[in-house]
Every structure is written in structure tokens, then in C-alpha cells.
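So that you can tell them apart, the chains are marked A, B, C and D in the order they are listed, and the count of residues begins at 1 in each.
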């Protein structure tokens, strides 16, 4: 309840700092009987982990996850699932130079103001390293959603700096370190990143995420709408500055006749809504997009101050992602999975008396 | 906890349908000793209420709010504050024609799928009429924030269909029915809306909202970040499809050197971050923007189905806003106030031991 | 979340003071489709209301409840249910004499210390009058539990001062103003109360409460155990000072061979556990008991102080129950119903994948 | 939110089974700046751990706790504190004989009915071993309460089977394995336990717990009263069947003149209330008592059934406490500390505007 727990019935509580001994998570409320083991979680963790290409941080972390509880003879028991990932490749001394400095655009300053104390090693709790355990928790949620409802969740890089990318080929997304769904444009991305690295600067990005086979009925108006909870979930990812559902910001310029998704006995004719109406899933694909700002930790000098308010020039060394958006795709998938599983359990708790049966119309053709 | 409560320490629970006897809210956790009466709430309610210009719904509601509890001799007591607004101008018979139909782009369909029963009169619980009591609750939050911290919150219409609008003149926003901050462009907006009404169509919009004098330190990483909770709050408003903080989606194309807000002993040099870093307020203005889709209830016929899955052509009569974004400004202000007050109380509960004293740097010049 | 909401999935938020304009409650999370109207709630309210015999407070309140939302054409819709009871018979001037005094044993002092302000009229928020809306909310929970699971809930007066009472005849409990299940002892109770009233003193009591047909499996270890939540619920009732489940305090002196409920294919052989093991329901009757202290508002003078710390002799006039335990039975039933419905929904949300089917053994013979 | 988290602002989430690899807890919301290290936690853990006398379970566990996060350079940072205790002395094969049996009076049966799967090794999640991490978390809470408010918390064994014990000598409680406050009666207790062990039976107990120097004003009416939350907390401890505050069940037979604690400018004249009025602390000692049932795992044969509903005779081997109440004292202290710290933070969050200053009267002489 104090900021490090996500969800209501299927909850995830995370702990751990970038350069502490370990990161961990507790998943509480996972239904019993789900077949699961560490390799299921490792697959998603490996997609997020640093050091897998020259375009991301060169920190080497195995990100090996251990399940400490809640699984017995290969199946979940209904008890809380404890997860642990030990940190291996901390180089805390990289950070001693900035122990009293604030990097511009970084959480350094706000943690100091809020807590009066700051674990400056690698960003401490504010580091995106915390998202490793979100990905592990999300893997459990995905597995449950798939086993129970056939839900598939997929993210992709939709923008890298000024380069916009579409999702041409769902299957190719996992074949490249960018999570790019337009395989023909990989050379362009690689060249862009090589130039960026040389310049010492960083760049923003945007990531799309989509869930297929979501049943209609998930989401709790008026405050815990499905879309509001997705917005909360995605905006809670480090560096995210904007979230949209379906047509998102483009809706502001649309007419009603253009935006509304017409319905026929054969299904919806379009999906401008991104799979939610009134905060409840329609049965169509749930589609969201998020924008990430450029990393603040860069080699190019910037004006700042120290903890005494004195002016300082700051240059960040250490190992950082020049574009945090690249590794954000598995995190977005994980967060979407966590929102969906929580809403599915809530919906089932409150509305299992409703004989929902077959939806009135199928999601297709526009689904 | 089941969708109709917002906040953790300063909570708002709303109830009521568009065409039921009344709407209400319970505010729990408001600090004691705050001077308040109905007129304080009425001011904001009057800004939101329908029927005040030809550009919004012609439903006539006094939106008179009664305080039923929690205030004694003009001051809050720490007990829950019950608010009640009776509905006066329901015309439920307008809706009998659609009792078995789903309007495309409307929550009709998802409520039916979720609950198996639907109060079709005026949209029932899915109606934006519910936001009246949010505005009343938000007025209490604003009053507290202003009395205690000097915080001021202001929203404005930042886009009407294809027309983009800036905030030129803060003072003029409340002088026109559009909450437009560019007074010189009012004739353009009026002509646009008159044409739209004639066409029978509706249009989207976007609204900006800003809080000044927010102290540094508000927000609880990692999930209950200030920005994540703002995203949740704004996305929970009817018709909202996108939310951004600070530079938002534009950040995706920015370089690190461009986005980061440099710091000097005199203050921040810019505010691309929109007042939060790492999910915690910096002391600068908190700035957010939201996009609203066009109303789905329009006179132009559309394809749809009925509850039996049979094809139907739908035409919506009744009294609707051709642009729900116009009346959304006070709602956005209310939701931002509710987020801020809740985070202030949480922060104070957990961090009152920290002698925060003077912030390390002032918010200015970029604040 | 700030003290006036009970439950997680089926939540009840109450508001209102003893001498304010009205009391109210919002029930959020009630499953849709439940047939309900005001008369269902009124039945339980009438059992609790004051002035029905000479043994309780002579305040005359109709306690008429209005349903303001969440019910459409006689059935719940899944939307929050707003309830309102207007106060009719306030005599606030009875209290002006104690506006600056603290009654010994009363919440006067602690409200003043906590909030720095106090609605002294009739105890304000600390009055047991608040429980009227709990009873109304509990009536909805009971109705759902009965319709869905056949659960029956019944309370009885198990002790009045030094008089201990058993539950001989379930059917007779509602036929007398004491909720006494030993009809032959009513004259004894009446004489006791008549003497008590004459003396100007008050007395404590204890109340038992029992739920039949509770399915096995309800309760969430380790903190939200069914028994822990019952303890919380009953202890939240005004004047309650002790709670026990099953054999309760007597268990402390028992041997393991004596306390354990042996099991046979035909059912449990006893019910010392009171229907829960490990915090989860067994399928046997859930049995709890609570002790209530004597009313602090009495005519006999006592030493106290005023808000300035000056010594004062206090005598309480006004209309008070000489034994608050007498009217507490319907409140205990309501709270038990609220705990059970919340746990049923939580259980269903998380464990609907489990094919629980028939319990391994029936609750009988010991059930 | 799914049963394994306790508290609202200072939350504790626990995980781990009796015979799994480890137990753990996450404390979220601990204020920053508190000096703490593992030895502070170890002291309380050592008081609870098994194998320290012949009167408790002979399982040998070091119960060594590691702090994985949230502490930097010896002080809490405001980030979540991860705690880990590895299990060392599991003998899971002791349990293979009961893998399909239900022990009468044990959670075996209810876990099976609820989850459809059961980690039978040592009771799995239902084992009191889980309370080790509660004690560790409670140690942090105690340390904070003491550093900030001077609060001291102490428990004692108040009943062992039929032997009732008073708190004669606060200082002696920690000098004996029974947490007995009447040192002269230790030989009686030892003889009683030796006989009990020989008989193969188990016995119940009761434990008292007390907090000194609690400021007035803690507790949130109407549902989250301090006493209601204490009842919840204590009843959530394994084997607890009853909880009382102050005079508790004895209040039922008291008169108002007897129970009410009169007040003078020098302080309260008595403390029948146990330190709370209207659910809010008075400033007097907070006093509670809990009753624990006898252990169900005993060597004496009993009737039961297996998971197929077939009759079976059950005899429990393995290492068990013949009286779980003996080791329960540090757990009760931990839970009381967790309730108090959570309410202190909540109170501070909502009521810091109140200039509480000096209480109107001191807690003495009756404090």
C-alpha cells in the first residue's frame, strides 16, 4: 500500500536496489494449480536483461530467478510466491563521484528531497533494474492468462527517436534486440544507435503493447477502469511520460462518426477504442502505447547542483542504456499482463453469478 | 476497493446514476479543522454543470450539493464527509427506444457483457453525470491544498477537434464556456461548434491541467508514482484516451541533452519533466494533458446490434454534449487535486521525520 | 481506506453523525442481479432501532432507509448502492451542557485529542447510531449469501450482566426485545433491567452469532483469515471489548485431545473450532461471541475533566441505552454477513479454477 | 491485498513455507532515517526460535535474517525492506505419512478444500514457522516506535493450561523460556510441561501484551479502530481463538460505574478500557490478551479421514510444540508493534495539522 505493491487480488510487491545484494518480488493471489517453474520466468527475464547487444547497457547480469515459495511439485499452491534475483555485476565505485551530485533529469534530486537520504549507487531504488522482477512476476501472470483464457500479449518498439515503426510482422519482434516488428528497417536502427552512442547523447522512444483474446467484461468503473489501470501500470515504468489507449491522442481531432466502432452480428468493424468502452473490455484487442523520455545519465556535461545547492557540472560515466525504450518492451508486456490478471480475478469474484456465456458479438472482423 | 473509490488516505467513493434519484460521494480522510461550506463546492460544480451555454448538453440541473456529515460549525471534523446532489431533470423516456440497443462506441455493450443487466436511462452509471460529485469532492481537496500549501490548480482547453489552443492568459480561462485561455480565438471556437451541432456529429478535444506550488517530495515509487497516479486519475474520466506528463509523447523524439532540465542554484532552467522525476514531485509546476474522444451519442445513424445480436441502425436522440471535452476541464482539475492531496497525506505520514526544510533549489526560473 | 470502509471486494463505506441530517452507506462490489428492495433492509433495521421497548433508548427514529442507486427494476446492477437514513428525532440541546466536558469511559476525550474538534451532539460520529447503516448494508449481504449459498445467520444475547443465557430455541430469539433464546427467562431479564434503570447505572453484555451453511474454503491466510476478519468486524462495533471464535478463551485450559474436532466420513464429531481451521472455513457452523462493556453515559455522577483540564463532576442526561448489548445482536449479524460475503467473493475470484465440488466430508454430525 | 499483507501505510508482506527453501518479508512504508541492522532483528528472532528449551519444538533453526534492501549505510532509506530467513533443518520425510491424511484440528483439511492442492511438509504455509518473519518485521516497527515515541512493548504468558499467571515482574519475563512474569512459579510450569510431554498431549495457553507510552489519538473509527485492528492482528496468529482489550470479557458482567475510568487533572484513575476509547488510544497503556488453543499435532491417535473421505486413524510424529502458546509471546509483541506503527503513520498523515501538543491529562496515575 505504500507504493511498492501493484494490484488488488493478484498483487506484486517488489523490493531491491540496483546495487544491493538482491532484487525480489512477492506475488500474492495467484490462483492455485498453475504449472510453473523457473524456466518459464527466465524466458521473459532474458528478453529484458542488459548486455545482450551493443545497443544496451553493458552491465552483465545473469538475472537468474529463484522461486522461494508458493510452488509445490511444479504447481502453484495459492500461497504467496517469493522470487529472488541476486545482483552479480555491481560496480558501485562508478558512482562515488556523484554521491553528492544530482544528475539533471534524474530521480537523484527528488529522492533526496523526499527521503533525506539516498542510495546513490546505480540509482538505488529508482533504477530500472527494479523492473527485472516485474518481468518475472508478469511472466506468471501471462502464463495464467494464457492457460486459462488463451490471452496472448505482445509488445513492439513503435518509435526510436524520430524513426516511427509499425508492427508489420508480429513473429519477427523477438528476433532482434530492438523488439522491432519491421525487420527490413533493422539496419537503419542499428546505424542510428551507433551514431547516438558515438555522440554521447541518449534518445527517447515509444513502445506499443497489445493483448489478444481478452474476454469482454474486464474493468471496474468508475475509477478502476481497465484503461485507467493500464495507464497507471505503464506510467509506473521508469522514464514513461505518456500513455494512450486505442487511437489515443489522435482521438482529440476525430469526429464521432470517425471514432465510433460500428458493430455488426459478425463483430466490430474497427477498433479505434483500443478494446475498452466505459473502462470495460469489449473483447477486441486491448491496444496501448507509451512514450519514454531519453535517459538522463549521459556523458555530455550538464549544469546541476550538489546536495548543498552549489553549482556543479555533471558528466555521467557508468554503464547506461542510451535508449531505455529498447529494453522497455518486455516490461510493458509484463505490466499489461498484471493489469489483466488482476481485473480477471476481480471480475470473476464479483460477477461469477452472471452467465456471461458467449459474447453478444465476436471481436472480429475488426478485432 | 471495487472500483468506485479513489485514493488511499484521502479517499472519495462515489455512487449514483444519471437518471436515478441522486448522486453522492463520501470523502474519507479529510484532515480536521478545514473551514468549508456548500458554497465552496458549488463554485466548481457550477463551472461543470450542463446547460450553461448552447455548446453543451441542454439538460438543466441545478447541481445543488448538500453536505450531510463531517462538517461541524463550519469546519471539517475528521469524520467522513457525505455529499448529495439530487437529480432534477431526468427525461428517462428519451431512452426507452435504446433499452435493448447498443450505441456504437458507448459503454452500453460492455456494461451488458459485464453485469448482464443495464440501467439504460441516460447511460446509468457510465454517464459523465457521475463526475459532478467528483468535482464537489475535488473542491474540498483544492481548498485544503490551497489553505495548507498554497497550491493552485488550473485547467484549460488545449485542443478542440483540429484547433489547437495555448494557455496565453490564465485569468481568462474561466470567463468563457470553453475554458479557453486564448480569448481572441473564441469566435473561431463558437463558429466551429455551431457548424458541428448542425452536422449532428461530435468531436474530440484535449485538456491541459497544471498545479503550482506543489512541494518537492510527493509521490511513492515504484508503482504509486505521482505521475502514474495522475495518469490513472485522468484516464478514469469518461472519454479520456490518452494522458501525458510534461513533454509527454514529444519526449520519444527528444535527445537527452534536449529533455533534461538543467539545475542551477537559482532553480531549474526548464520544465520538460512536467514537475516529476522518478515519480516524485520536483517543486516545479506539475503539468499534464489528456485527450478525449468524441461523444458516441450522436444523431447520425450508425450500424449496431441489439442485445440479441441482431443488426440495428442506431440514432441517438436525448440531450448530449457534442464535445464532452468542453466540460471536462473542471473534472481534470478535481482529479489532479485528489491525487495531490492523497499523496501529500501519504508523504506526511511516512516522511514527517525528515526535516525537509527549504528545498535545495527553488522551482524558478523554469518553474 | 481511512477507517470508514469495511471489506475488500464487497465494501461498505459509512458516513453520518448521531445528530446530523442523515446517516448513509455506500455498498460497492455487490454482485449484479440480486433481487432487493427497501423492505428487505427495513426488516433488519427495525430489529435494531431504538424505542421499541422500555429497555432501550427512548429516542424515536423511524430509521427509514432509501436506496439511492445501484438497483434498477428491483435488481442490483453491479453499480455502487447508496443508502440514506435521515435523522428525525435529534434533541441536540440535551448535549450543550457537555460540550466542553469529557464523559468518563466515553470517546469524547479521544476524539478531542485526535481531531482537535468534536461534534458533541449525541456523540457525533462515535455514537452507535452509525451502526444503523451497517445493519442496512448487512441486510444486503445476508440476502445475497442466502440466495446464493443458503447461508443463514443468527445472533442471540448470551449474557446480560451476570446472567448467562444459552441458545435453547433459535426461533424465539426474534420474539422478544432482548434477542434472548431462552424464552422462559424473559421475566428475569425484565426484572433485572427494571432494577438497573431505577439505579441509574448501566451494565455489560455478551452476544453470540452463528452462520450456518458456510461452504468450506472461505478465508485468506495468513493475515486475512476468516477468524481474524471476524474479530476485526465484531471489535469494530461500539463498546465491544472481547471476541472469541468457537471455544475461545476456554481453549486456553483445554488439552489437544479435548479441543481437536475429530473427523469421520459422516462429518465432524464436534465443533470446538467454531467453524475455522487455519483461518479458513471448515463447512461447520461459524460461531463467534463478543463482549460489550456497560454504557458510559449514565446518570450517576463521576469524576472527569473539561477540555481545559479542569476537574468536573459529570452526570449524563439525554436518552441512552442502559445496556448497549441488547440492541447489538442485529449489528453482530450484519458484521458477520459482511465478512462472509467479502470472503466468498475473494475466494471465488482467486480459486474459481479449483473444482471444489462436494466437500470431502459433510459438516454433520457435529456441524 | 490477498491475505499475506498486513497494514496500510507501514505494510508487511510475508511469504514462505515451513519446509521450503526460505521465509521472507517485505516491509513497505518504514520511514527513512531509522538506524537499524540485522542484530536488532536477531534479538527478537532468537526469543521466538525453536529448540531453545526442552519445552518447545526440537527443530534446530538458526533463524538468521538477512536484510536485502531498504537499508543504506545503516539507515532505512524509505525503500521497501526485504528480509530473508533460510530454512536449515527441514525433515520433510517426517511428513510423507500424512501427505494424504488430514490431522483433526489442523489446517490440513481447509487448505485442501480451498486450494485443491497442499504442501503437506510441516504444514506448509499454515505452519507457525511463518511467524518468524513477522517477528523480524515487528522488530523494525518496535525500534521505530521506541526511537520516535519512546513506546515500549512487552508480552507475557498469562495462562498455561489451567495455570493462571500474573505479571509480577516485568524484568523477569525474558529470563525464562516461558515468558513468565512470576519467577517463583517456574518450577510449577516446568513440572507441568514435563508431565504433558510424557502424556503425548498438548495444551492451550493465553498471552498478555502491553504497550506503554502510546500517545493519545491513534486509531481510525469506525472500522479501523485501534482495538479492532489489534483484535485482527492477534487473531491472525496461529492457534489464537480469542482476543480481549482491557477488561475484555469481564466487562460483560460489570456495571457502568465499575467499568468507566474516571479522569482527574492528574490522570485517569483506572484502566479498565485497556487504553482505547471509541477505538482511539487514550494515552494509557494499551493492554490486550489472547487465548491460544492446544496444538493439533499430537502423538495420541485420533479419528480422521484421508483426501478420499476414507476413515483413518491419525498419529502425528515430527517435532511439534506441546504448547504453541509458549513461543507466542514475541509474536504478539510483534503484531502489536505493527498495529501501532501503522496507526501512528496514518494518524500523522491525516491529522498533522492538529496541534496536539500536550495531552489534556496525563496517563497517570492509572496509566
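Everything below uses one rule, namely that a residue touches a chain if its C-beta (ideal position, glycine included) is under 8 Å from a C-beta of that chain, and two chains touch if they have at least 3 such contacts.
For each chain, UniProt lists the protein as follows: A, B, C, D = Chorismate synthase.
In this text, all values refer to a predicted model and were calculated from it rather than measured experimentally.
K.L.:
What are the chains that chain C and chain D both touch?
P.N.:
Intersection of chain C and chain D contact lists gives A, B.
K.L.:
Across the interfaces A-B and B-C, which one involves more C-beta pairs in contact?
P.N.:
Result of the comparison of A-B and B-C: A-B.
K.L.:
Can you work out the whole-Å distance between the CA centroids of chain B and chain C?
P.N.:
Their C-alpha centroids are separated by 38 Å.
K.L.:
Could you give the separation in Å between the centres of chain A and chain C, each centre being the mean of its C-alpha atoms?
P.N.:
About 45 Å, centre to centre.
K.L.:
Averaged over CA atoms, how far is the centre of chain A from the centre of chain B? Could you give it in whole Å?
P.N.:
Distance between chain centres: 26 Å.
K.L.:
Specify, in ascending order, the residues of chain A that touch 2 or more different other chains.
P.N.:
As it turns out, chain A has residues touching two or more other chains at 1-5, 8-10, 14, 29, 32-33, 78, 114-116, 125, 346-347, 350-351, 354.
K.L.:
Sort out for me which residues of chain A touch chain B in the complex.
P.N.:
Where chain A meets chain B, its residues are 1-6, 8, 14, 102, 104-107, 109-116, 125-126, 130, 159, 161-162, 201-206, 216-225, 227-236, 238, 240-265, 269, 272-274, 276-283, 291-296, 298, 300, 302-305, 307-311, 325, 346-347, 350-351, 354-356, 359-361.
K.L.:
Taking the complex as given, what residues does chain D use to touch chain A?
P.N.:
1-5, 7-11, 13-17, 20-24, 26, 28-29, 32-33, 66, 68-70, 72, 75, 77-82, 84, 114-119, 124-125
K.L.:
For a test of understanding, state which residues of chain C touch chain A in their complex under the given definition.
P.N.:
1, 8-10, 29, 31-33, 78, 148, 345-354
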